[in-house]
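All chains are identified by letter, namely A, B, C, D and E, in their written order; residue positions are counted from 1 within each chain.
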Amino acid sequence: MSLVMRCRFVREAFSIDVDLSVASGRVLGITGENGSGKTTTLDMIAGLLPCTSGSIRIDNVIVDDEPTGQFVQAEHRGVATVFQGGGLLPHLSIDRNLVFGRGRTLRASTRFDDVVEAFDLRTLLARKPHELSGGQRQRASLARAFLSPSRILLLDEPTTFLDVASRGVVRRLMKQWFAIYEGTVVLVSHDPDEIDDVADGSARVRVSRGAMTEAVLSVA
Amino acid sequence: MSLVMRCRFVREAFSIDVDLSVASGRVLGITGENGSGKTTTLDMIAGLLPCTSGSIRIDNVIVDDEPTGQFVQAEHRGVATVFQGGGLLPHLSIDRNLVFGRGRTLRASTRFDDVVEAFDLRTLLARKPHELSGGQRQRASLARAFLSPSRILLLDEPTTFLDVASRGVVRRLMKQWFAIYEGTVVLVSHDPDEIDDVADGSARVRVSRGAMTEAVLSVA
Amino acid sequence: VAASCSSAPSGPTSGAGESELNVHVAASLSAVFEKLGDEFASQFPDVTIRFNFAGSSTLVTQIREGAPADVVVMADSANMDKLVSNGDVNAGDVDELARNELAILVEKGNPSAITSLDDLTRPDVRVVLCDEAQPCGRYASQMLEAERIDLTPASRELSAAAVLSRVANGEADAGIAYVTDGMLPNDNVEAVRIPSQVNVTTNYPIAKMAKPNSGDANAVEAFIALVRGPSGDEALTNAGFTLP
Amino acid sequence: MTRRLSHPRGLALIGLPAAALVILPIAAVVWRTPWSNFWSAISNETARNALTLSLRTSVIATLLALIFGTPLAWFLANSNLRGRSIVRSLVVLPMVLPPVVGGVALLFAFGRRGLVGGLLDDWFGIRLAFTETATVMAEFFVAAPFFIVVMEAAFEQVDRRVMGAARAFGAGPWRTFLTVTIPLVRPSLIAATVLTWARALGEFGATIAFAGNTPGRTQTVPLAVYSELESGNDSALALSMLMVVISVVVLVALRSRWFGALRRGGE
Amino acid sequence: MTRRLSHPRGLALIGLPAAALVILPIAAVVWRTPWSNFWSAISNETARNALTLSLRTSVIATLLALIFGTPLAWFLANSNLRGRSIVRSLVVLPMVLPPVVGGVALLFAFGRRGLVGGLLDDWFGIRLAFTETATVMAEFFVAAPFFIVVMEAAFEQVDRRVMGAARAFGAGPWRTFLTVTIPLVRPSLIAATVLTWARALGEFGATIAFAGNTPGRTQTVPLAVYSELESGNDSALALSMLMVVISVVVLVALRSRWFGALRRGGE
């Protein structure tokens, strides 16, 4: 099993209990009310927030464990993320954003060209993020995650800002990719259609709102 | 007629021709590809960007006219905007964001309470924007526009980040409000459903991609 | 750099190898000593002479804190006395190098018609003095007190040169500084002599250090000899100093 | 191993030499200060006069820098007038001028024989030298460029879209400037203010050359300290220490109030 | 009426007095400088030595502030250790200490009879005072706090989520610091560097007290200017003007390269 998470997060009045396990190669779809803790959950998996208690395991390696104090830093977790609303680095051009943290060789690879083509970014490569439209930024953010070698892929509302056609294209790309992706995917979306279409059947979760939410699920 | 815009905008390789006129009380729905110039068009109406050539009239008053050099500043145009992705002021708490530019009395009004209730912001009023979830921020941005006295209302993908339930609530609120709103509404959305439901029947536009796009329409 | 200032034990011969000489000089004598330094350098090319020009009191602090020193020249005996009482200088090594006198500095042409110390008390005359902490300030106060002249200076400048500059720039109508200041290259200022029965004679003591930093005792003696010899006398008198 | 996003390991350690080089001399001066006669050194009238004068003039100079420097910095960051880069270079010059020369420059401009000082004297009978005004001017001349340079950089970093959003919601340019731009640059504004005040408080060269050294009128603490040092007086150290203590108290008070508010404010 | 989002009307005008107060004296000193003997004043050996020494030491002091001050500023902005606020106050102190006292403090610490200077001498035979190293130390002591204060404010304003995103995409803390944090604070970094360099270049009090005023070895331009002024010599102005010209050239060169790159960079 590839992602096992059993932990609680508390921040001021807000708290969430997460209990999930997803096998490699499977796609977990999460949907839930605004403010229920979806982004927070992804941040814990990515290593941007520590669990308040409990632990997270990736490929059977403990990456966060409150009792023993173990904590694997974000850059060593092998997690790629499409952040909610983008999360591009504002001071770098799009092409440097796409290869950020990966080294020079990637930019010259055919994989790079393929992804740039697939997300229609060719003409935008030299621009800074603030010189793009909302949808263009979102496409760049998706491309960055697709280009990143990873064991876990987190997508936080990946089709926001996309036009109808791009949404279709991206959904198709996701499905194609997830079919051959060997790691674990967690997809957050408010679009039930998208979850139905992309996530594995058994893997839809609804996170409910309130002081404490429980998300027990396992996708084998 | 309340909003008449006939202008061209050029920025580097990108250019768009806009030709539209919308009567008071009507709702214009705009949909179109990413990067086709929807946000740019709204920015010109709001006074954040000047037309490269042509002119814009609000309630028969020229607010931007390239030939004569007339230009009414953004704060005098009476335009309220739900910016793409939010656009809250990052240093102010939500309640101060909601009444920004409006003065103290608003915060004590029943209208304020009603809107805060409708958008379920009561418990979030004291927080800063970065302490909110994506959907919560979007709700605050909507509430700010609803609270703003305006002649023109611009909504740039107003239901992004919203969960399914909130999306329904917001759509209902928009319809209720637009029914009694005396000004002109321009709604940008990638959701054909939303446009169908909220915008006036005859008022859907598709902006097409390319070096030059033409959007000729009139909603009487 | 660090090695060059640590006291490497070198032979006390001025002929053999490099040696250096650290000379601390009151800032008001910097022009005179730079000239003498050049002359010394041409006579003793293998001795590197290093001057340190600062206010006498700063020099005392620096020497007390261990600044490498061979020869000191002060603008007054009070500061030299501090070095003596601290054991840095032997009382027997102190010699009087030059003398100076106070003068009233006024603008060229003396527009305020100042001819005596009494004129300085006129209400229309703005006077600047040196600060009490400076030798020229102490001497001026001493003189004014002796003459029972009570005057409120517009400012207590931190050096005689500053008094000169005040007068030159027209900010002050008169100032009390040294006779030598009146001889500095300045087109806007002239000196009004103060009668010698009223005037205070100041002196500039010179001494070698009790424990010179330089291993080269000959160089120390040679430098002092040069300064106190004809070359030194000429440079000092040219600058307006009198010799003891 | 701490359970949170880590910091660059060892980065803080690199800072240690800097901290040491700055802190050791402070420790040394504390060690050497004759604390037994601390009270007598600071309680005499000269010291008290110097202290109040220093505080008063440095605060005024800082306020002037705030009031006049902020607009100038904003202009430099935002205008695209031709003259901008010239103004910028000129404004920065006092920073590299040796302060004494700065004082001399002020004399050449505002002294009795100066560029405009002569006119001031002839027409209005105003003579600036040897006045408290001159002290403030000298401190401003030397310190304000620091303020302007920091604030220009800060204004350049403000997100224009946020300012646009404020305008779109009815705030005029002035209101946007005061309620949006300024709060967004607040940490830099505080840093610039602290910097400017400190520079003004420690100013020596320009003050002595332009304003002179009149006890009770233009003798600020640095001048008094210099004078004491020159008399070989230990009370110089006592006076400096007092100034240091006062500055620390002021800075800590400011920080806990302003920076505290800021931290709550977040990004 | 310009057709774009307007600026606060008159704001720039408020900046005029500041600009005037700063620019007038500069103009006056240019006017009074004896240009006829400019060349002879700056071409003698003492002047040339002072100039190269000043440039060399101020650049080294600035580089040291960059290398050691950046980590320290980052620590102050990010750590939540207890000692942080104490370190912060101490580091800022040299800004308010009159520079001469700063020099005396350095003597007390690193002089031959000083706190650690004695040990350095006894153990390693290293004597710092009255050397070029001392000049660099004095300039660093006085100027580095300016750097640290500006950079601390800059680091506090960096958006942590951007740094988080960089980490999530595989950049370690060091790499994130160097390729994300530093570029994001670049305008402030440049401002802080300019500031620090200027402060170091104009340093007088601490230098004369700690490094001495030895022509050819520790006599920087401000000290040479002081000596010239003490001898009632006009060449003081010529020398200052030369320094000013050099600074302007350097600043303009830096600006067109760095700031140009920045402006293209955008927010």
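In this section, contacts are C-beta pairs under 8 Å (C-beta built on N, C-alpha and C of every residue); 3 or more make two chains touch, one makes a residue touch a chain.
Keep in mind the model is a prediction, meaning the values are calculated, not measured.
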| item | value |
| --- | --- |
| Each chain counted as touching chain A and chain D at once | B, E |
| For chain D paired with chain E, centre-to-centre distance based on mean C-alpha positions, whole Å | 14 |
| Centroid distance [mean C-alpha coordinates] between chain D and chain B, Å | 45 |
| Between chain C and chain D, centroid-to-centroid distance (C-alpha), Å | 35 |
| Gap in Å, rounded to a whole number, between the CA centres of chain C and chain A | 78 |
| Contacts with two or more other chains, residues of chain D listed in rising order | 5-6, 104, 161, 164, 167, 172-173, 226, 229, 267 |
| Interface hub residues of chain B, defined as touching at least two other chains | 47-48, 73-74, 130 |
| For chain C, residues that touch 2 or more chains besides their own | 58, 61, 162, 165 |
| Interchain pairs in contact, sorted by label | A-B, A-D, A-E, B-D, B-E, C-D, C-E, D-E |
| Partner chain D, residues of chain C touching it in the complex | 55-58, 60-61, 79, 82, 126, 128, 131-134, 153-158, 162, 165-166, 169-171 |
| Chain B partner contacts - residues on chain A that touch it in the complex | 13, 31-35, 39, 84-85, 123, 132-136, 138-139, 157, 160-167, 190, 192 |
| In the complex, chain D residues that touch chain C | 104, 107, 111-113, 129-130, 208-209, 212-215, 218-219, 223, 226-233 |
| Of chain E, residues touching chain B in the complex | 1-6, 161 |
| Contact footprint of chain B on chain D as seen in their complex | 161-162, 164-173, 175, 180, 183-184, 265-267 |
